[in-house]
Amino acid sequence: MDSQIVTFLINCPDDKGLVAKITNFFYSKGFNILSCQQYVNSIENTYFMRIRLNAEGTHISKKELEANFLELAEPLNFNWSVNYGDRKPNVAILVSHTSHCLYDLLERQKEGDLDCTISMVISNHDKLRPIAEMFNIPYFYLPVTKGAKEKQEEEVIKLLEDHKIDLIIMARYMQILSSNFINSFPERIINIHHSFLPAFQGANPYKRAYERGVKLIGATAHYATEDLDEGPIIEQGVERVTHDCTPKTLKRIGADVERLVLAKAIKCHLQNQIIVANNRAVVFPESGE
Amino acid sequence: MDSQIVTFLINCPDDKGLVAKITNFFYSKGFNILSCQQYVNSIENTYFMRIRLNAEGTHISKKELEANFLELAEPLNFNWSVNYGDRKPNVAILVSHTSHCLYDLLERQKEGDLDCTISMVISNHDKLRPIAEMFNIPYFYLPVTKGAKEKQEEEVIKLLEDHKIDLIIMARYMQILSSNFINSFPERIINIHHSFLPAFQGANPYKRAYERGVKLIGATAHYATEDLDEGPIIEQGVERVTHDCTPKTLKRIGADVERLVLAKAIKCHLQNQIIVANNRAVVFPESGE
Amino acid sequence: MDSQIVTFLINCPDDKGLVAKITNFFYSKGFNILSCQQYVNSIENTYFMRIRLNAEGTHISKKELEANFLELAEPLNFNWSVNYGDRKPNVAILVSHTSHCLYDLLERQKEGDLDCTISMVISNHDKLRPIAEMFNIPYFYLPVTKGAKEKQEEEVIKLLEDHKIDLIIMARYMQILSSNFINSFPERIINIHHSFLPAFQGANPYKRAYERGVKLIGATAHYATEDLDEGPIIEQGVERVTHDCTPKTLKRIGADVERLVLAKAIKCHLQNQIIVANNRAVVFPESGE
Amino acid sequence: MDSQIVTFLINCPDDKGLVAKITNFFYSKGFNILSCQQYVNSIENTYFMRIRLNAEGTHISKKELEANFLELAEPLNFNWSVNYGDRKPNVAILVSHTSHCLYDLLERQKEGDLDCTISMVISNHDKLRPIAEMFNIPYFYLPVTKGAKEKQEEEVIKLLEDHKIDLIIMARYMQILSSNFINSFPERIINIHHSFLPAFQGANPYKRAYERGVKLIGATAHYATEDLDEGPIIEQGVERVTHDCTPKTLKRIGADVERLVLAKAIKCHLQNQIIVANNRAVVFPESGE
């Protein structure tokens, strides 16, 4: 293998000696362990590890590494994945009318803050096309016409599959995705919900926040699952508000929370910091290697 | 009137010239206006004012002042109240098992940070008596026995009425108050709920927060109303948490949020900063007079 | 006057009856008072007011209004200014190498969140020209060559004056402005400093934050004054960091604080929410009219 | 060894294979690794580990364990310490006039939130004695008389040594400790400074914060070192303030930040979460075992 950073994500039943066994395995194969983050869920007796390795100086092939690792993994019942950091993930952004998250993501990617390729923007409206064009990103306008929602979804799925999209970002996409769509991309769709979940699930959270008279509003980035707004939470943020705020000012204040929370969540996903288990997202902090 | 600070709280339908009319009224009676805070709800077309006056040098009696004010207030449909700052409010604290809010309130009052008299602590358990005794506050143990909840409530109400209690603080009191109780003390009962409402209404919020995998937990201080946890929100706070937190650590982290949020809410109430309308609490900031 | 929103900013020595006198004045001229925010500095005995008026139905000219207001203002020693909301301020953005604040401001203005015209971007480097061009904003490249700093400043000043620039934003402009420059635009230059002032004044704040091992980093937006980083603070923000952060990650985390803090400060300035006195900025909250 | 939790803190030059070597060592001795937290400082090429072990089922003595560990530690240049969790640390609290941190710490300890024995309160004033007495903690009044500061310090040191004090908390102790005092208790004195260091080092931070017109105030808990307020930072907190705040209200708002920040820092110290190197405190998060 070249001088590259390899990341393994592992979760399994907790057991004595796991960290010693795993770190030994990689050490014996000649890897330098850059960071090794663990989490033990003592309630469910489960173990999670994110381990980052420098492959420099190893002479093992990917195939061989994975075959050898399987010998360790199987008896210990690992769920695991490996990322070799040698291919930029392809990302598609789904939007409707609202521009702030789209701008934010396109800008971060362009400036080198998000390690991915943004392959396309897909929308059920044509409104945000000029923004995609400013950044030279292909824009696909796939309107949802009455009675033809299913057909539109098929077109979206085809686009995503044809372009080998690794991550789908719902950047305020105001359509409910079907179970079929969701299940085609497990843990590969990130949605931003404009409230502090589980408060104000569903539509019009800012209007409802105004009516309830809350003193803080928030936003939540989560993996999309079949149950709307019930998926594993990756990141949340809040901002103080007062009685003085109207639904319109709440929306404006909330927009800044949304864009930050979504960008942080995507960064965590792209850096392989997340392991999902039992509908909860274990999000390891960025290691300061 | 003596050299005292008088606070008027006013809300009414919005109208042209309100601020000029009201401030003129007090100016013409010889009051010095220390601060004058307003809020216009442009959605509901309502007007709110908190005005603080120094009575020094005026020669008007309370009775006369109120009679004169009524002449202004009635044609303009004011809801209003006045506080002369000449009597410390009597406060009762209701608790069950949990001590952190009780300690916090007793300490703040003792150190002069809460402008009130804490007349008593009432509990359905005898557990926290030593804390009340440390601070020389009478402790009433009124257990809830099976089938006799109503009778206990009557005893509590009698205690509160006999001691002319102005404000009742539910500092983690784990009993649901009856509508009769609630309605006997409108906008005079403040509860601390150990979640960021409207998320996790009801019981066991920290356990549910763990299960939902949230990344922030919070607390909410609100006036108690018939619908549990649906009353006007006075103050909210949050703190970041991670996947690493167990329900037990969430509880500990949350305790610090609870105590701060409750103390802030009570301070706002005691300083006459709050006007409730339409189940929303208008909370004017402390004026820096 | 047309149906327009007029904003007066007033500060003066504190005196009895000020709010009544001022609100009466506007009421008697037929204005509807949309909001009236006050602040009394009881240490320095000064009074501050921001009053927003709807001119609909008044028949007074600007000239007449100001002449009449002077009769009230002079005996009471008002410092005051009035904004008729009938002209969008012209803004110039000064940048060097760093793009995040520039993107953020251009995007907010384009999306209608900043009520101004961005007339130009000026830089001592040519690097960020493509960003300005994406948003169709003229870009002026005025390099600072050795020994000719003064000449460059004169060119910048000429540009600003020729285009009648009302507000100059130093969006990470890495040049120290001369006293002459600063004093040509009093309270019209807003700078973003990438630390939580007064901590880490001067150069390389993130490197110094790393070395000091702080657990929070911040950013400060302030009016530029002769003493570098000593001007009136408009807005500040912070974000938690850990020992794990390198100067590079601090920089990235800080960038998000900077862009939010700068945008908030500029919004406050453009909405006439700020009165500066004694090197301190009184920043009235946005009124929820 | 009994069924006890053992914590090792290690820092050393970074090297390949450290995590494998260390975890193997403990695994081979029969320990169950409860958590293993690491940090690599890639700028200084140093490595830090906090490892928590369950000794249940091991048959090794402390002496043997330490002797064996030394064989691993010496060639790799470990700085290390071990805590067997079998003895509660003795804590002394130093105070002057201000009560809020003292109350907070006494209450947390009494309620079981701080795993230590509070052996005494020492003060240069007699004012806070009643608080110590409420909690049945011995109070030593050692006034600082003119020209006899050195003598008083000697008495304080003698008290601390006689009672085998492990941790000294300066809970708003308004005396500057001599170098001799500081160096007698390296990394064993925690101070709370009432500002967001390095802003407002030295005296009267709230007054200076008012004068500077900051929009956030803070507090910093740090190990005391010879250079006043320059020691390794353990924890910091902030709270928003406005122009409306006087030095007095800043002080009150700051008090709540101080007490939380100090309590968090002490908890981290007592739970062996901190390694100091190069005047920076590596503070591992609480592991959710």
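Descriptive notes on the structure:
Letters A, B, C and D mark the chains as written, and numbering starts fresh at 1 in each.
Operating definition for what follows: contacts are C-beta pairs under 8 Å (C-beta built on N, C-alpha and C of every residue); 3 or more make two chains touch, one makes a residue touch a chain.
Per UniProt, the chains are A, B, C, D = Formyltetrahydrofolate deformylase.
Keep in mind it's a predicted model, so treat the numbers as computed, not measured.
Interface comparison, A-C versus A-D: the higher number of contacting C-beta pairs is recorded for A-D. Ranked by how far their CA centres sit from the centre of subunit C, the chains are topped by D.
One simple way to say how far apart two chains are is to compare their mean CA positions; for subunit C and subunit D this gives 41 Å.
Here the CA centre of subunit A is 37 Å from the CA centre of subunit D.
Shared interface positions of subunit C, i.e. residues touching 2 or more other chains, are given as 39, 42, 242-244, 246, 287-288. On subunit A, the positions that touch subunit B within their shared complex are 39, 42-43, 196-200, 211-216, 218, 232-238, 242-244, 246-247, 279-283. Residues 99-100, 103, 107, 111, 113, 134-135, 242-246, 249, 252, 256, 260, 263, 285-288 of subunit B are the ones that touch subunit D when the two sit in their complex. The residues of subunit B lying in touch with subunit C in their complex are 16-20, 23-24, 26-27, 32-42, 240, 287-289.
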